[in-house]
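One structure is given below, represented as structure tokens, and several questions about it will come after.
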Amino acid sequence: MTDPFFQPVSGMDLPRFAGVPTFMRLPYLPEDDARRVAVDIGLVGVPWDGGTTNRPGPRHGPRQLRDASTMIRAQNGITMVRPFEVANCADLGDVGPNPVDLMDSMERITTFYKRLVAQGIRPLTAGGDHLTSLPVLRALAAERPLGMVHFDSHTDLWDGYFGGHKYTHGTPFRRAVEEGLLDPKRVVQIGIRGTMYDLEDRDFAKAVGIRIIPIEELMARGVADVMAEAREIVGDRPTYVSYDIDFVDPTFAPGTGTPEVGGPNSFDALWVVRELAGVNIAGADMVEVSPPFDASGNTAFLGVSVMFELLCVMV
Amino acid sequence: MTDPFFQPVSGMDLPRFAGVPTFMRLPYLPEDDARRVAVDIGLVGVPWDGGTTNRPGPRHGPRQLRDASTMIRAQNGITMVRPFEVANCADLGDVGPNPVDLMDSMERITTFYKRLVAQGIRPLTAGGDHLTSLPVLRALAAERPLGMVHFDSHTDLWDGYFGGHKYTHGTPFRRAVEEGLLDPKRVVQIGIRGTMYDLEDRDFAKAVGIRIIPIEELMARGVADVMAEAREIVGDRPTYVSYDIDFVDPTFAPGTGTPEVGGPNSFDALWVVRELAGVNIAGADMVEVSPPFDASGNTAFLGVSVMFELLCVMV
Amino acid sequence: MTDPFFQPVSGMDLPRFAGVPTFMRLPYLPEDDARRVAVDIGLVGVPWDGGTTNRPGPRHGPRQLRDASTMIRAQNGITMVRPFEVANCADLGDVGPNPVDLMDSMERITTFYKRLVAQGIRPLTAGGDHLTSLPVLRALAAERPLGMVHFDSHTDLWDGYFGGHKYTHGTPFRRAVEEGLLDPKRVVQIGIRGTMYDLEDRDFAKAVGIRIIPIEELMARGVADVMAEAREIVGDRPTYVSYDIDFVDPTFAPGTGTPEVGGPNSFDALWVVRELAGVNIAGADMVEVSPPFDASGNTAFLGVSVMFELLCVMV
Amino acid sequence: MTDPFFQPVSGMDLPRFAGVPTFMRLPYLPEDDARRVAVDIGLVGVPWDGGTTNRPGPRHGPRQLRDASTMIRAQNGITMVRPFEVANCADLGDVGPNPVDLMDSMERITTFYKRLVAQGIRPLTAGGDHLTSLPVLRALAAERPLGMVHFDSHTDLWDGYFGGHKYTHGTPFRRAVEEGLLDPKRVVQIGIRGTMYDLEDRDFAKAVGIRIIPIEELMARGVADVMAEAREIVGDRPTYVSYDIDFVDPTFAPGTGTPEVGGPNSFDALWVVRELAGVNIAGADMVEVSPPFDASGNTAFLGVSVMFELLCVMV
Amino acid sequence: MTDPFFQPVSGMDLPRFAGVPTFMRLPYLPEDDARRVAVDIGLVGVPWDGGTTNRPGPRHGPRQLRDASTMIRAQNGITMVRPFEVANCADLGDVGPNPVDLMDSMERITTFYKRLVAQGIRPLTAGGDHLTSLPVLRALAAERPLGMVHFDSHTDLWDGYFGGHKYTHGTPFRRAVEEGLLDPKRVVQIGIRGTMYDLEDRDFAKAVGIRIIPIEELMARGVADVMAEAREIVGDRPTYVSYDIDFVDPTFAPGTGTPEVGGPNSFDALWVVRELAGVNIAGADMVEVSPPFDASGNTAFLGVSVMFELLCVMV
Amino acid sequence: MTDPFFQPVSGMDLPRFAGVPTFMRLPYLPEDDARRVAVDIGLVGVPWDGGTTNRPGPRHGPRQLRDASTMIRAQNGITMVRPFEVANCADLGDVGPNPVDLMDSMERITTFYKRLVAQGIRPLTAGGDHLTSLPVLRALAAERPLGMVHFDSHTDLWDGYFGGHKYTHGTPFRRAVEEGLLDPKRVVQIGIRGTMYDLEDRDFAKAVGIRIIPIEELMARGVADVMAEAREIVGDRPTYVSYDIDFVDPTFAPGTGTPEVGGPNSFDALWVVRELAGVNIAGADMVEVSPPFDASGNTAFLGVSVMFELLCVMV
């Protein structure tokens, strides 16, 4: 059993709709809190959508994810894992981005995460658009490239946008490979689909050795088979898990900016994460949750349910 | 052919958006109506959410279910059953609960249903939160314990809540077993999932012999196989069917108070009921439909579609 | 490569949320535009719901479909088809219906489409309710009856409505068969489900030789098998494809007037169209998209995604 | 005190969210009910929008108005009138319109209301689009022309539409004047505003002597002054009151098809009706409530609040 | 200037959409925090709707109010008051109610507030339904009866409900007068309107000397005049301010359970509070904000704007 | 009468819900269209929210404004102006901004507008966030500073944000004064309200001579009196009109990013513009309309109604 301080508030003590909402009702430890040294896994919000080229909104993601996360209880109903008893988890608050300066925001994010790395805290991030992953990886992969399991409907491997701009939510992993933050041979992208401009991203993937498993292959082979391959690709070295909520079919997750129809349902959305058990996870994120397009709040609830599954395989 | 009085109004005579909305456009028979003696199956609303510990709203369920039910026509498109020609069905109105007194409400419900039992009417109930099932069972199972097929994402077998309160929508079937209203050996719970506080409910189920089929088992085995087992468990003695709309994935049924992601789709939501053909059904309910969280009304429409399937296997 | 004039505006040049929204960001050619002669496939809106007997709204369909269609890019991510490089496509605007005169509207529609036929343009229509298909077929099948692949939850083969009115969105294909616009032996209807008034439509289908594949058969056999049969039924002669958005489960496509729960998901909704590759398609439509019931706009986005798949098998 | 049978169900006996929703929780008397002879004022629904040239939806108005009307209690909080104790009121159900035949629908409506006239029942109608008023007036004004107080943002005095069609929701009162159903000298239209095609309607009004009080005059003079003039115009002979919900600013009443911004607030929306005390009201209607555009249901609640005020000045 | 610890986080340092949401971005001090001794005014949530007889939801009020309150800045734009520099303010968290036991909940609330009284903290409460005010008054008025300025559309002076139940959101001030918590001669109720069951509440008001200012009087006399009278009624002795959000017109504040149309607009909603400057305020509440009926969140934003005005007149 | 080519499509010829939506159904003239030389007033969209520090969304404004604008007819119902007969008006499309580069976007905007100035076209802009006004003014005021009538709840006169960033939607007019684009003595800001960080903006206004009319002054003096002063301030030299939709109360215009409660209603929102008759308007804009927060679309409809009033005083 971990430190009782790090246990979430139970709905048996305080109804789940009550109280100031922290991630999964965990204690909130601001940056200067001494108790951070005891933290194993830190839940962090990055309320930012500076890289968004289409419908904005992920800057509001962390708040809504926190709110929805108060519905999460202590134990995984399928794997029976009780993560909060295995690792000290805490809400470490939000990185404060600069809404009108993309480059400044990326620096702030990297700085925040470098401190976590220094404190030995593994981060579980609530984005933010997908560009968020790049400054996070700059902190986490500073020492050596990571492998990555990437759930998404897009590869986010584009080179540029709109006359060559290099930093958008469509380019983070191209940059990460170029900067040596990811080992492309240990990267697998699952669920890719939707209409495309051209094949530039897929050509890049082929050239560097990234494995793309498009949606029709996932549907044909099934979750268990595909995830076995994914585990093999990343092996047992440190691996990042990046989960774009638009991996899931937009009917299950409408609250996102660039949806693509014809994706996995919510059962598979959770199952793929459970199949990561055993992977050496250095950090993970849940990105592109966009509350303005999520009238019912169901996207955020699915998002935190995925985050809880991520937590259960990280501990 | 049954009494023409008991036929629903056809959309060919009055458009489906017209008219005072009764359940499935059946005649409405208030409590003192003499024609109640001819009724075989009574559709009853219980607009109540006194047992709700999380997001409220099921008190508004019956009205919205009545409204959506005017979209239901006369014949099942798959089994071809025409229920209104096989049994006299009627809308028997709502039990009037006391919104500020839980115990008083339970008594009012039991009293209402005892009268139905005395009149030989089998009830198909539109809740109401899941605590509704307890006072209903007190009327229906007064003579002998019933078996039960229970579709839900939660077991509702908890002992207490919030310092020991015994009557909430998380406890009805624990109470029903304790009160001898259900024969636990003839109870099967299907679709159970979601995060949990602990294993108290599952331990109780094991101890008394209730069979729990969690979601991952339902997904792996499929509807036909699981329902064959369910039919075997309840056998041919009288059985209650309790259908919590949160059995279905919240994307298909967002209008409910305690959703759990990763559930069955709407096709399976209907199919499980069709597989009850042949079961000796003493009564059934559709609970936890919560209109304030159902902006589109689709949850209610799915709810009444399930109710129509229930009717088709009850007749 | 086709005429560069007919290429859609790229999101790399103008963000997808910018600009006057035409279908798929194609050039808009009004009726008197000389460049129409170069058009192979014309995208046409029919903003009309004069035949709707239940919840109205499809008159707003074309505008919302145009808006959502600006999310479509140049290439199919699965079949890799780039339709705009294979055929000259253009937005030909809307037929102007008469909202208060059903018969007048039908004539206007037929007149509009006869001109397209004369110009050698194959139409891809955005409805409109399902009665739209009848006046379109009157133009397209003037010379000889067509075969038809029809995706829907309803057969739309009823004889009349409300005391014998012959033209509603429940009757177009009965009329089309009677008028010799469809060859019933080459008609297949897929996805049929929901409660029914009676068997009149199915009896008619049997009598004339229309093949109905109800939802439970589609679910049991799967898309590939069912579509192989569909291709065989229509053969290689000219065929119309009519796609009612209520073919799809209403959770995926809530924005429609007469939903029926328990239908296909969005992956299958697209897949069935891809399986039409090789069919000789004389024209196609996407009907019954009803924006007032589509708060999130997801129905329209699914609708245009289906239209893009249709385009990819038409070129 | 009137017949206790005609008292609405009290929220003290049955919570207002419970029960089958009739207008103001009054008894429902179908067409063949013998107790109709005792009725003074009949509340009738006309679920019809056949005359709508823009956004459809009023066919769903009566159902939503009934639902919202269960929030209405027994006594006017300002005038202290208790209408149900002064006159026998009842819900007389809906006229069944023909959704696909405008002329047939108008005949059905007139027939229904002629029967009411014959029974000595004064009608309070819940529409329906504004064309509804014409067939109602054909029944009510069969003997002699009526005066009219008309609240609206449009005059509905247009001659035709779309190439001369004579029956739309923009033409009812032109027709009514032409048919001798209204005495134009005793007609006043209040709240007129919005952009216009041209001055055709205003020219007609001038020519026949209809008094138009546009919004800027209402705002400048105030409710009391304007309504004093209105009372003078209609005098003490029988008068019809027609209330289009788009009279009210669309922020207060978004659920309507042709809104015009810059209208009265809800306090004035009720006040104008209270100022009709003493007018000899032969019948009244509340039209153009369109639920598909009324996500919150507030338009319907305002609509029934106006209907209650109408009832209080009718008794 | 107050203790810098008690200053809210500025939007210049952390964007307003970022961070864990506390009331007005103030520091959160749980019950055992030593810094509570320095607090002058405590913002407290009471997430409870146990007394609600109609549409439920206020249990979700405090969370949504906290969220919306992050939009509030440091200075009042009209009175120029900077409350956080005049008094130490803090978020003291939520009272944990018992969702299934009304009497238990009331005791928990009173206990919580008695502790505040003991610590010399004046409370500004975010409800919760209106029954909340009763247990709060039991703590605040334990020593002597308070005067009260009460903004509402209902008097909440009813004796009982549903067969005599004494504790609902319609009865708190009847009980408070009976229990000697309020001095009825120093109570004024402003904005009363809507339909009524009967005159029981108004008769009680008359009998004990409560002054009711109904909506038509407020509209006729204007805010300044009415509030001058209100200030005179309560005089300079300690006074409670209770603000039911349904005082405001439901168009401006749809998120509430028992709306009454025809109320004040948002400018007057704020102005009435500014006119309380100089009143000796012992505590205040904002109640009946119901997020499930507040799709846009505007009700909560208006609610916290009123709370900020309350704070400015409390300091 | 102007060139018939520049007349909007009438709803009598094509229903208003039909057709590709251009601003007010005017002809669309892309940048290279030769007919631009005949244009007097150009309606331009700037789909951009790069300067937004709070809730994003105005990048979607122009599309939604175009859609809503199809409800606008040819004649002003109060002033009787028929703008399209007085001046040649056209939809000139959207400036294509760069969603991920603020400075690049500003340059693109200025370039676009400089071309209009060169062609003698006066622009009526549909934003975009309020930073839009700055690059527009750089084109329009290149020759000499302009006066400005500015409707808003914020002054947008801040110096910097978030550590000194100079270009946000809170700083455009500070920059415009500094750059000599506005003559501060001829600038009036109307409707200012809401909570504030501090007095920096108001101090700047005082220092340079900008006249601020806060909301309480507008409410006390009334529209006519305040606007007379505004006309006097700007005199008869060229003047820009900038209309931030958050000038209006957020109940009337919820679709905006930084609402402030307690503002003018929709009648006054239009009236203030009518009072600009006679002012020498060099250009005007409607900014901060944010569709993701405008579920009903009413904000956009109010926005285009204001734009139509602007057009009527510009011609």
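First chain written, first letter: the chains are A, B, C, D, E and F, and each begins at residue 1.
Quick note on the criterion: a residue touches a chain if its C-beta (ideal position, glycine included) is under 8 Å from a C-beta of that chain, and two chains touch if they have at least 3 such contacts.
The model shown is predicted, which means the values in this text are computed figures rather than measured ones.
Annotation of chain B and chain C: jointly contacted by A, D, touch as defined at the top. Chains that count as touching both chain C and chain F, per the definition above, are A, D. The greatest centre-to-centre distance from chain C, using averaged C-alpha positions, is reached by E. Chain centres here are Cα means. That of chain A falls 38 Å from that of chain B. Shown for chain B are the residues in touch with two or more other chains, namely 15, 17, 53-55, 59-60, 99, 161-162, 251, 265, 293, 295.
A complete list of chain pairs in contact reads A-B, A-C, A-E, A-F, B-C, B-D, B-E, C-D, C-F, D-E, D-F, E-F. Taken in their complex, chain B has these residues touching chain C: 10-12, 15-17, 71-78, 251-252, 265-267, 269-271, 295-296, 298, 301-302, 305, 308.
On the side of chain A, the complex with chain C involves touching residues 53-55, 161-162, 192-199, 214-216, 219, 249-251, 254, 258-259, 261-263, 265, 293, 295. Those residues of chain E that touch chain A in the complex are listed here as 13-15, 17-22, 28, 45, 47, 59-60, 62-63, 66-67, 91, 93-94, 96-97, 99, 295. On chain F, the positions that touch chain A within their shared complex are 49-57, 59-60, 98-102, 104, 161-163, 165, 167-168, 292-293, 295.
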